[in-house]
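We call the chains A, B, C, D and E, going by the order they appear; numbering starts again at 1 in every chain.
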């Protein structure tokens, strides 16, 4: 399962000695274990590990092993027990992993094409955020957040940034308590949420922008049948994080490798196709303060 | 004890040649030859006792009559109808008229004694009715009478696996009695019974046979019982008929032939009566 | 022999070494420690979803089991010797068992909407698959003696089943039914998938927020219920055996 | 018939009624929890889309030169299942005998065995998966272990119930010869239960093949991950071909296991 | 046929009062009284035949000797050691010295005949050894000899469920023979055997009893066999001892007492010899 041709032309082939400032405990990888959970706002999901293994392995000069998980909890736990070195974590997972489990540090943030509010289609602008939205049926009397009082709302799991944390926090700001003023129903899957809305089982749903695309094959006129009443603030895109004891030199090296891959025409195509990433930029933990703030607003205080 | 069983020959047709074996052979899948070219005609009302060494094929012969075993070649005709080539509902009708007492009882251990006996009646009623357990009252009484006949009426509501070996044997006899058949096949019906019950059971079989003209075929190991009760004795050896005659003809020499070697007098169990 | 070769090949393929496991044991211990003490204050919250789960599981398991009875009988060679019927039945059974609960969930949500009804249907199909399969194999293993006796009295096939098969297979059937019920109660995450709530959703939530102390109280409550089912199951089986 | 001693005892009949009434109450309560809301508006279009996907499986996924295709996924799954089942089928044996109440006079002993098994079974797959990921890292090995643990819980329970329902006679005969417990097990119990054991193990093997979710969770590769993602993305053509693959695999194992059983039983 | 079994009384201690029942009662969980205050002393070398109606408690009595059943009250002492209060390894040793032949054979149907017979030897070897199937050559030969003794050596490698009823009975006898015990308990060992094999088995039991001083207790339904082979006859009725004496003392009147009513001469199976 290891990448085969490791062309050892890389200068850093003698790890451990060059990291002069590294504390004695810093971890120097001889094999890089990467795991990712595809983020929910991607519209093509492929559980593919191999292409990334090869791209990264070529750049880093050490074997790379990539696995996929549908659940971020397992990635964070694996990182905290040093079984995984690099993880693609969604924003809230990163915050929990960083603040709560002390398991991961931010390296990069993924860039995606923005989404046009009007059409729900991709723009050509590379952005490091996405949004969540609250959707109702076209003919619904609900026009604003305040109208949601007493209504039935379909949430995602409470750990979902787009499906609960952000929209619920903004609902609260608008004076509607998400716990008591509305009737919440937990729906697993943004696609199922849209269907539940169409079927009238809920009055509104909170989904990522623009989840309606996922059911477009089955219900081609989904955009005509529904209406967005609210877009939330920007939610940071998913991260590339490393385990917290990673050697600094290797952090830089890994960051650079990802950035290079995205810039390389062939590499760029692959990561776009598989992860819908169009680029990476240096991550800044401050970007995630909004995530913390929103989580706190809905009562998910980070210990 | 005084209750008499009323066996109604159903349909009223008279079967002169009750059971006929025509060149019947049976080979078990593992190659053992159970029956070897048997030709027999058993008439209505006969009381046939089959004797033979252990493993001679007695059970196999009995079971092929109601086609619990398929035979390998030949044909068996019961009441004018071939059991080897009949359709399934016809076969069921034939089987209903044949009561069977098994060597290993074949009771449903987990069911009550009464239910085991009642199960002998299912051939007479619609499937739905029996499945719902709606046996007519007469059937229940018939079953209880049959149990009384074999002296275990008080165990009617016990589970079959709470009975002693002989008691289980008696339940299986009661099941066959309750069936009111035209033919009774009994595979060592008295093997685990005490002498008293043995007598009772054999007397019962004989009375049924005589009074109702029920054809009865019994596998037995007791030569004296065979001589006393049979109207005809058939000796089997290695799957073949080696003796066929009246009890009078079944001399000690004849038994010596059946058992494959001369038998000293004191070896014949209870022969001296 | 072939077996050992296959096993060794499999071990190599998966890089399975006991050494790794032993070295990693302390890490497992760390997580288990985090589960204590359980967050007792969470108990009132999980009470209701647990009851809901049980409710849905009862209905789903029962209906699935009822559906399984005829299918199991039709699949068993000693009851239904004609392969023309038993083979297609087995194939259908295989197909039903293959479909993952996720797919059931997608279909039922689309057709019946989110809620307990869709959840019940998902459990129904799942239970049906397990119970039918296990029961038909148990039926094939029963003592043939009583079947023979029933055949000999001229019983129809259904009568043979009622008097010969049912009493013998019933303890197994009940045991599988209760076992499936237990599986449904504790593995009720599928209910979350169809928006029927249930305890699985709360477990997901606790794990998502790394609240292992809450997960442990959920496990404890489930354990209590599973033990209760176990107790009832043993009681029933002892009656039937 | 009028003899009162011949009827079922009144006490047991009363108990029967009490149980029946209790059951009816439970069922009424349970059924009241289900509200049937009728067919949904999206029923038709979604069903049609799913069906259409199944009728047009994504054949291109069967084999992809770079890997991560259907065939390799199935192979991974198969290998993990074989290992997980095999290991657990052996490990669970002592547990099964421990938990069987007919092999010991001491009720608490078998009771404790049953309790341990319940604890094993009650651990959610998700947590078992996390535990093993923490120990050995994500991948096939964690998959084997996670499947193995769950298999032990289930198999040992079913095995022990089989043991409890075997014919008691041969055991008695062995006990009467002065055999100790282990000898009784090997000479009288095992030969009787082997067919059932085999049957359960093969069934568990089949479950393991299907436990896409667990394997997906532990990042074990296998066919589970692509299936999960295809379902999430409502890519029915892909789902169709994966299911087809699983069906074929299961039918194949069914055939092989049927053949195996016939030879051993 | 000429092979003689060598029974080695193990340990060499002499048990004068082989088996002693002291106020033994047994009530089954469902309330049936199996044994009712039994007091008996059976000496080394006796050949005891127990007779009684079906359900009288014969099997129950036999099974309580090696504690296959726990008795409800009283005490049973075998070779000076109480079986009711002994430890488990001690109990195993006692059991090894007691061979048992069961009314319902108790064979492992799916195992071969030879393995069934060999299982009688497990008490002599270490667990590991027997579990791995590593029986010494002598044991295998002993087993084959025992099978020859009961005339079914040729079935040694057949599965037990392929045998006829009588053949299965013989396998279970062979198992007890191969065990080389000091006491043999036989629960209707000849119930499904033909007269020839019956004689052989009873002769065998007798020879073993006489030559090796093996205490033997046999449940039988045949009065003539009982009179012929027993050195002592015990009659049971409803769980209590109602007769205990020599065969000479066991007159027809005595049997009438045992069976609960006067028995007409022709009801006593084979009594007239």
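Quick note on the criterion: a residue touches a chain if its C-beta (ideal position, glycine included) is under 8 Å from a C-beta of that chain, and two chains touch if they have at least 3 such contacts.
As the structure is a computational prediction, the values presented were derived from the model and not from experiment.
> Stepping chain to touching chain, what's the minimum from subunit A to subunit B?
2
> Look at the interfaces C-D and A-D and say which one is made up of more C-beta pairs in contact.
The comparison resolves to C-D.
> If you average the CA atoms of subunit A and of subunit D, how far apart do the two points sit, in angstrom?
The separation of the two C-alpha centroids amounts to 35 Å.
> How many angstrom lie between the centres of subunit B and subunit C, each centre taken as the mean Cα position?
Chain centroid spacing, subunit B to subunit C, equals 46 Å.
> Roughly how far is subunit C from subunit E, going centre to centre by Cα mean, in whole Å?
Here the centre of subunit E sits 47 Å away from the centre of subunit C.
> What are the residues of subunit A that contact at least two other chains?
Within subunit A, residues 73, 77, 81, 83, 189, 195, 199, 201 contact more than one other chain.
> Using the touch rule from the top of the page, what residues of subunit C touch 2 or more other chains?
In subunit C, the residues touching two or more other chains are 24, 27, 30-31, 106, 110, 113, 115, 171, 204, 207, 241.
> Can you tell me which residues of subunit E touch two or more of the remaining chains?
Subunit E, residues with two or more chain partners: 104.
> Which subunit B residues qualify as touching subunit E in the complex?
My answer: residues 28, 30, 32, 51-56, 59, 103-104, 152, 158, 162-167, 169-170, 188, 191-199, 221-225, 259, 263, 267-273.
> Taking the complex as given, what residues does subunit C use to touch subunit D?
6-7, 9-11, 13-17, 20-21, 23-25, 27-28, 30-32, 52, 54-56, 58-59, 62, 90-91, 94-95, 97-100, 102-103, 106-107, 110-113, 115-117, 120, 133-134, 137-138, 141, 171-172, 175, 179, 182, 186-187, 189, 203-204, 207, 215, 219, 222-223, 226-227, 230, 234, 237, 241
> Going by the contact rule set out above, which residues of subunit C touch subunit A in the complex?
24, 27, 30-31, 105-106, 109-110, 113-115, 192-195, 197, 201, 204-205, 207-210
> Name, in rising order, each residue of subunit B that touches subunit C in their complex.
It comes out as residues 66, 68, 92-100, 102, 104-108, 110-111, 115, 119-123, 127, 130-131, 172, 175, 179.
> Residue numbers of subunit D touching subunit E in their complex, please.
It comes out as residues 169-170, 172-180, 182-183, 186-188, 191-192, 194-195, 265.
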